[in-house]
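A, B, C and D label the chains in the order they appear, each numbered from 1.
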């Protein structure tokens, strides 16, 4: 951290600043320029509340030099992290991993048919919601444990791994019995007690970006999980909230290269929630692969018009099959691969 | 709900739409105009996923007519709701209620001094955090139950009620022992299982607006609490996230008259988190009262430069005293009152 | 400007940086800390493109120390600027100045009636659009010069000054003949050739904030006018664009104290465009005065339901009269005044 | 347009509404449902201010059925528009057209070297700024006409067309002498008199999206040009403003499929301004092609570290060459092409 003092800061003010820093057990290095004095602070930044300095007398600017997250940063861990999901899938390596399936598990037939088709098309992981966070208390809330069982059975039949959302600390144990990858929804991205609990779990976590979360906040949420000992975190961009209303959210694909630059964690993209309209999901899924995402999470439904939730953004089997073929070529173009059939 | 069909929608498409609606147990009323056919849907909207229609063949627009929330709407409950907090305070009536105190309870002296001063100045409710949600796992996380005890003791000494944040379902019981008003933080606004649990509590809830939550979503979160039987919900505007970086958030004061129009629930304003800088808190607190807020939630600290959290946005006692005197006159100007001394 | 070098920056990289800075005619002051080297740059910042350094080899952070605007900054000009408008009105002094009138001048009767009423209620300046910027080419575009004449005549009859929008360089001369204060619309806030032309005019300028302009960019646009020699710039907050759709824009009232802190220029608030709904304009106008605005710009119409533009956000005479009475008391509360009758 | 009346609307209110509509020369079709009355309005919507109805007594909702733009809509013109630029290039057809070059023309050597390299790599159009809109009046403002001459000469030498920005009505004639495609910057997107003037020009227009413009507003700005008779409009997505600060803007690639759905006009993407950092431009350019863009506009500079503007976001020749090779394969994957060498 660097503190730039005001041009007119008094010697007493500067001394006071230095004292506060030293009292916090940190070192301070002073440099007097012709226009202003600069204090460089060295040590464990977590011991100081950086904002607390910004209004102290004599302070002009406080400049964080190091990032507020550590374990999640590429500086700390220069190599890409590769996260194993289930027995055979690796996320964050050369392969672009496709996770697909319906928004919600509705019944055994629906999830079986979905599993069969997405496996055949090259997906590695079956998605499907059993516990659904809904903004209205009157909306469909999911099948619960019954849905998890159907999901697991369908995935096993076609050698897929399972990703599904877990919403509360209480659900973690149950969801761990059935799922290979635990999804944290956008609305829970800053639910810190929940993140801490997930940091103690022996399964990988798929951490969706909050609707209004900056990339830095997102990495700090990952840090909550990492500090507890669970190093298998996959990030998932799913759109941020902007003024634009033509799409449900604004899918921020630039988060892919930015995360690759700042962090070693894998990042995948969910174009289905990102745009909320089937007609725009296909081009955005292709774009995600071209941007360098480690995977995509796509909603597919045997009969989207009859889906109990998110029908308008779910692809038909046919649309999904075509998409996979194109993404496979795009992946190859940038030196990656995408599974052919499972 | 009204469905506007495409100009070129076929009779078969329109019939299909009507059938889906009727199968959901709703009535449909068809009107053929010269340019397009309009279907009016009557019945319990919660039984239909409104988005599901938007991509069905032949559909041009789907227009929600009723709001997705009910119990929170002014249509359902035309009179203002007045929420009792503690034994003597009413929020949502003629009095503008001030809730003040430090961001975090740090020690007995700090909270006692704060309680004494804010009570003397006319505040009714003492605020102070014991469980702190922090975006960094390395930041100060609060004193926990010890903090709650100090807070309760200080409030009782000066006949104040207590508001404090509760972060998880597990904490609810404990916090209920010490607090009169349970605060739900912005990051938990869409934590639905948590809201449901709070709906079963016998204490009033202070529901902060999420950082990127629309007013409609905020009212839907209130609905989660109301539907479980807890009718004592107070809304709290605390700033939304925008592109502007000169303030921590953008305090959306227009939410005050908008909420008054759409809902019967009381709404207060937290200018401290809204702007994040002491120098701007005072004018925004005055503006909140002028805009018609039912109360303000203000951070005050005996020595803001040494605060363990949110120091830069905490007022000194002197600033707070002056603010209260001005807000009292502004309240009177619009036909309301603000307590003189407690 | 301060350049923080990377921990692993080589001596050659640091030397190269120093050389580039010196070649630009600036001084550089080097300070080697235990973790990183810091370069302090002294001189005329306008000669360096600050972003250009951020990707140079060995650079970690580039930190602007001074603001990019000068003439508009309070550092440069510590006293409040008071802008004379017409012969008798001062904006930026103790008086809160009200500017009111219809969105568009529609005919002589409408503007005369408006002028009479707003003057009687205490407004100092008559507003009314003659050249209208409309997002649709099919919308009503204004009466042009005929409208300006009507506006001037009505204002003169009731001793009001005139504010009206000017849209192009070509219109400046004509508008100057009839108006006392030239309004620059939000969409023109970054039309630099236009701002430069306005900097050469002998009339004060009302510079509206762009819909997505940061406060810093807004002050830089003011700088364009100031550098050309026109020092009479009044800023006008009129709402920024956010994700919220319940109001037309999100009125950022915190811009008032922030501008007061950063700049010496007066700032007024336009709640009518800020919220776009008559029912919410009244509380927001009161809030603007309470927040410390130097004036408000309010749309008033003799018969809002028949207005050719912006009817839904125009106040009736009765609403306006009541508003003025309340704002007068609020102004007094914070040590200011608001004219009684003109 | 459809007007949904309030449940409790009186017969007198409904009649008044019908009368206002008929007085505007439009037809109204009334339909009485069991819960509410719906009025369908048929005729030229441009004759009514849609917002004006929303606050009339008895009105619950006003629902636009048709889009506010016509000539720009795909309904009006179902086939893709193909825009000729210069003598040999078509934008909006099967070929993905690359426009590349430096941000600003700095001198003859720089622009010649750039032209030679981008032509060799497959670009069709040379970009380069001669008139630069800068947010600070102290920044480099461009070479003006001298820059245009250098740009034209360099382009002609390598059989490229020329795209460059025009900032004012006065500059149009001059820029038309040297350029094949006139770029309208984001800050001018809603400068309506300027758009009207460009509608009378015989050259194609590249209309950049405003920083906070919705897709609908962008198409309405295109409409301003189209209604004047210039049908050759190419849209350019260049990032919108959001709360995220890790990138200069948030590149909204979903605008590509949305525009393709709503309009017949070609759309290209400018990833350089979209992200503002060279390291992120390459993946976003690939993603733009994968999303279906009709072209990309990329900043390339012989020596980005010495660029007078936008250096940090300019690609080196080597980076650009590699990018082109990858985009060529991606284009092929989705049934398009990208030129090999010029």
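What we mean here is this: a contact is a pair of C-beta atoms (placed from the backbone, for glycine too) under 8 Å apart; a residue touches a chain by one contact, two chains touch by 3 or more.
All figures in this text were calculated on a predicted structure; none of them were measured in a lab.
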Q: Figure out the least number of contact steps between chain A and chain D, where 1 means they touch directly.
A: 1
(Q) Counting C-beta pairs in contact, which chain pair has more, A-B or A-C? (A) A-B
Q: Tell me, please, which chain's centre (mean of its C-alpha atoms) is farthest from the centre of chain B?
A: D
Q: Would you kindly tell me how far, in whole Å, the mean C-alpha position of chain B lies from that of chain A?
A: 27
Q | Computed distance of Cα centres, chain C from chain A, in Å | A | 39
Q) Could you say which residues in chain A touch two or more other chains, in rising order? A) 212, 241-243, 245, 279
**Q.** Residue numbers on chain A that touch chain B, as the complex places them
**A.** 45-46, 49, 51-52, 54-56, 68-69, 133-140, 167-170, 187-188, 190-194, 196, 210-212, 217, 220-221, 223-224, 227, 241, 276-279, 304-305, 307-312
Q | For the chain D and chain B complex, residues of the former touching the latter | A | 2, 4, 27, 29, 31, 33-36, 38, 40, 42, 60-61, 63, 65, 241-243, 245
Q | Residues of chain A defined as touching chain D within the complex | A | 212, 214-216, 240, 242-247, 250-258, 261-262, 274-275, 279-280, 282-284, 286-292, 326, 329-330, 333-334
